[in-house]
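Everything below concerns the one structure shown next.
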Amino acid sequence: MFVLVNLKAYPCDPVEVAEAARDVADASGVRIAVAPQAAHLDRVAATGVETWAQHVAPVAHGSHTGHTLAEAVADAGAEGTLLNHSEHRLKLADIDGALDAADRAGLETVVCANNPDQVGAAAALGPDAVAVEPPELIGGDVSVSTADPGIVEGAVAAASAVDPDVDVYCGAGVSTGEDLAAAADLGAEGVLLASGVAKADDPRAALEDLVSGV
Amino acid sequence: MFVLVNLKAYPCDPVEVAEAARDVADASGVRIAVAPQAAHLDRVAATGVETWAQHVAPVAHGSHTGHTLAEAVADAGAEGTLLNHSEHRLKLADIDGALDAADRAGLETVVCANNPDQVGAAAALGPDAVAVEPPELIGGDVSVSTADPGIVEGAVAAASAVDPDVDVYCGAGVSTGEDLAAAADLGAEGVLLASGVAKADDPRAALEDLVSGV
Amino acid sequence: MFVLVNLKAYPCDPVEVAEAARDVADASGVRIAVAPQAAHLDRVAATGVETWAQHVAPVAHGSHTGHTLAEAVADAGAEGTLLNHSEHRLKLADIDGALDAADRAGLETVVCANNPDQVGAAAALGPDAVAVEPPELIGGDVSVSTADPGIVEGAVAAASAVDPDVDVYCGAGVSTGEDLAAAADLGAEGVLLASGVAKADDPRAALEDLVSGV
Amino acid sequence: MFVLVNLKAYPCDPVEVAEAARDVADASGVRIAVAPQAAHLDRVAATGVETWAQHVAPVAHGSHTGHTLAEAVADAGAEGTLLNHSEHRLKLADIDGALDAADRAGLETVVCANNPDQVGAAAALGPDAVAVEPPELIGGDVSVSTADPGIVEGAVAAASAVDPDVDVYCGAGVSTGEDLAAAADLGAEGVLLASGVAKADDPRAALEDLVSGV
């Protein structure tokens, strides 16, 4: 299982979370990455944790002001990037373009989508993975195992039908080790988390509980 | 073959083109539809020609100002709608939502895309058809048979791999009967045209030449 | 006072509301306009009521698919257009471009904004009027006279400081004759309404009550 | 005069340009700032040069993935931010929201606009400065003194009429000391540059030539 911790624009200390993620990954052997604000990539990568960007723009080097260049986030230490998160929906053509940009910069990619049809569409664009974010689970306390688990199975089936090489992650409804185990049982090969770790009183303890489910 | 004439925001007389399309469709037996501005749907549909919208929004009845409601265009006579045209790119989630809206309103759907990967992605969302618009052909004088024909074949293969029920149209590089025949040879089951008819001195003659390729 | 009834994407019969608005305007001498979906402009204008568009795009005649052309809505009978409604926010440069488009097509313009600063900004672009939509009043039952009335006075002051020729309308919190009188007392020269008329059991009665406040 | 060097997404070494800018600013006494990619803010600020962001989003701390948080860029060393650059146009309401975000984070602000009307609108939102980018000068070799200089004077007049405290910068058509002097003569209190420095063979020499015009 891959655990990707999205720090969004939360008021957490990105380095504190990064150090906890690095230590828990080292101790447990579970792959954990942290996706901070672009302006914090440098310092997060300096902790040694696997570092991801939250977004890259569908652009190459050139006249693009205020758009996040894939090469720049890679240069700052990012090894992968989220794309099309439900808080940053992209045009279909721009997901395609951003995947090209990420490839040029050597970034691994996860494209988010909120139902099996969109998961299939995202998979057709050739990312490394897709993340299904069941709308009823985003930002909530409902676990993926108690909410309709069929959406994760549907996502796995949809991605597999289009391209069996594309992994499926569960992008919402995971905050405990039990949730993570439930996601794995449904066929997910990774999970996206945010507030469960970033807003936890003790991010390290939250991560330890989480990886106990692997 | 299906011939869909997109009037865009051209300064043509939509009723004149509609009447020509109706007459040529009747005389030739080729299916021809006309997609005018939303404000012109009523008068175009009144000619008896098959009438399409250029876009519908991913919304249902409700508080949505200035967004084109699928039910309203159907009410004005539209039988189908383009979506995600290269001049009106949509977010992946909004293509999905607009397809739902079109289904509710009973509209046939064609989702545009500009390469085989995006065609596959669009097909995964379950439209009636996808239209591939090779970027090098959009708005130009180069025919699809002289430019790289592989992109149409690639689009047909990509759509078919995802969902064999989704038709593929050629969305650029068609202006003559010869081009239309070339598109059909490459596996397209329809073509999108715009300036070749809408800006022609004699739209009726342009359409007659076109359908001679069927 | 100018009363502009925005039908949004509501499931009302646009012709029924238009005929009611026409009759109430005739009987009361109050200027009333109706803004339907673009696809319904033709039939609304045919009733004889003053007809407005909900939006026009910042484009001229040309290759623009699915964008609402100012000339087309004018052609279908629109005499004015809303722009930048809170349900259809536009880029600053596009408000400017859409105002140019509306001018070319002979359309009167109202630019919406949700606080005095934005009203001042909108006024600087030279529309005929701006409409202030206090966020706490949008779509609600709270009247502008009981909610903070300072925002309307602030909008009137902001517009006047930038361009005294720009009228200020009250874009939310008006549903009764009393509300309309309160808006006029605060300096508004018009009101925007939507659900209060479009979703009323008896749109005619709702309009009659409303104009009783003039 | 304030000289703001926008590195856009150019393939330059941001630290090399930053060091040159710092040294030329120190030697000349002219205020010079550098605006790199968000992911490069840390290392640019570490050089000691005044550092700016290219954009911040209209959001506060919270669930916002992939949007540039004002507090994060300030934390990484930014002292100011561009907004609404012609390569990143924003909705009117979002310029207003991004100015609020920048204020909360203690960032100085420059809002770009491409004609005097939009400059007036931007000024009404209360930024520290506005930058006028005459479209015919963006990215080109034509200097502001040989192209229509009236647009800069018009921008200065428009901003001053709305709010005399808002400075006006010239956002295009400046690459030499002569251009800078011409911009100052037209009433600009600063200039925005990009390729003239970022793509120069010798950025230091380019900056030295530039400040010779003060």
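All chains are identified by letter, namely A, B, C and D, in their written order; residue positions are counted from 1 within each chain.
One rule holds for everything that comes next: a residue touches a chain if its C-beta (ideal position, glycine included) is under 8 Å from a C-beta of that chain, and two chains touch if they have at least 3 such contacts.
If you're wondering where the values come from, they're calculated on a predicted model, not measured in any experiment.
Subunit A-subunit D contact: same residues or different, taking over half shared as same?
Mostly same residues: over half of the interface numbers shared.
Quick one: report the Å distance separating subunit C from subunit D, using the average Cα coordinate of each chain.
36
What's the distance between the Cα centroids of subunit B and subunit C, rounded to whole Å?
Using C-alpha averages as centres, the distance is 33 Å.
Centroid from C-alpha atoms only, then distance subunit B to subunit D, rounded to Å. What do you get?
Roughly 43 Å separates the two chain centres.
Can you list every residue of subunit C that touches 2 or more other chains, as numbers and ranges?
As it turns out, subunit C has residues touching two or more other chains at 86.
Go through the chains and record each pair that touches.
Chain pairs that touch: A-B, A-D, B-C, C-D.
Can you name the residues of subunit D that touch subunit C in the complex?
Result: residues 84, 86, 89-96, 113-115, 117-118, 120-126, 158, 161-162 of subunit D touch subunit C.
If we count contacts the way the header does, which residues on subunit D are in touch with subunit A in the complex?
By the definition above, subunit D touches subunit A via 6, 8-11, 37-43, 53-55, 59-69, 71-73, 75-76, 78, 82, 85-88, 139, 194-195.
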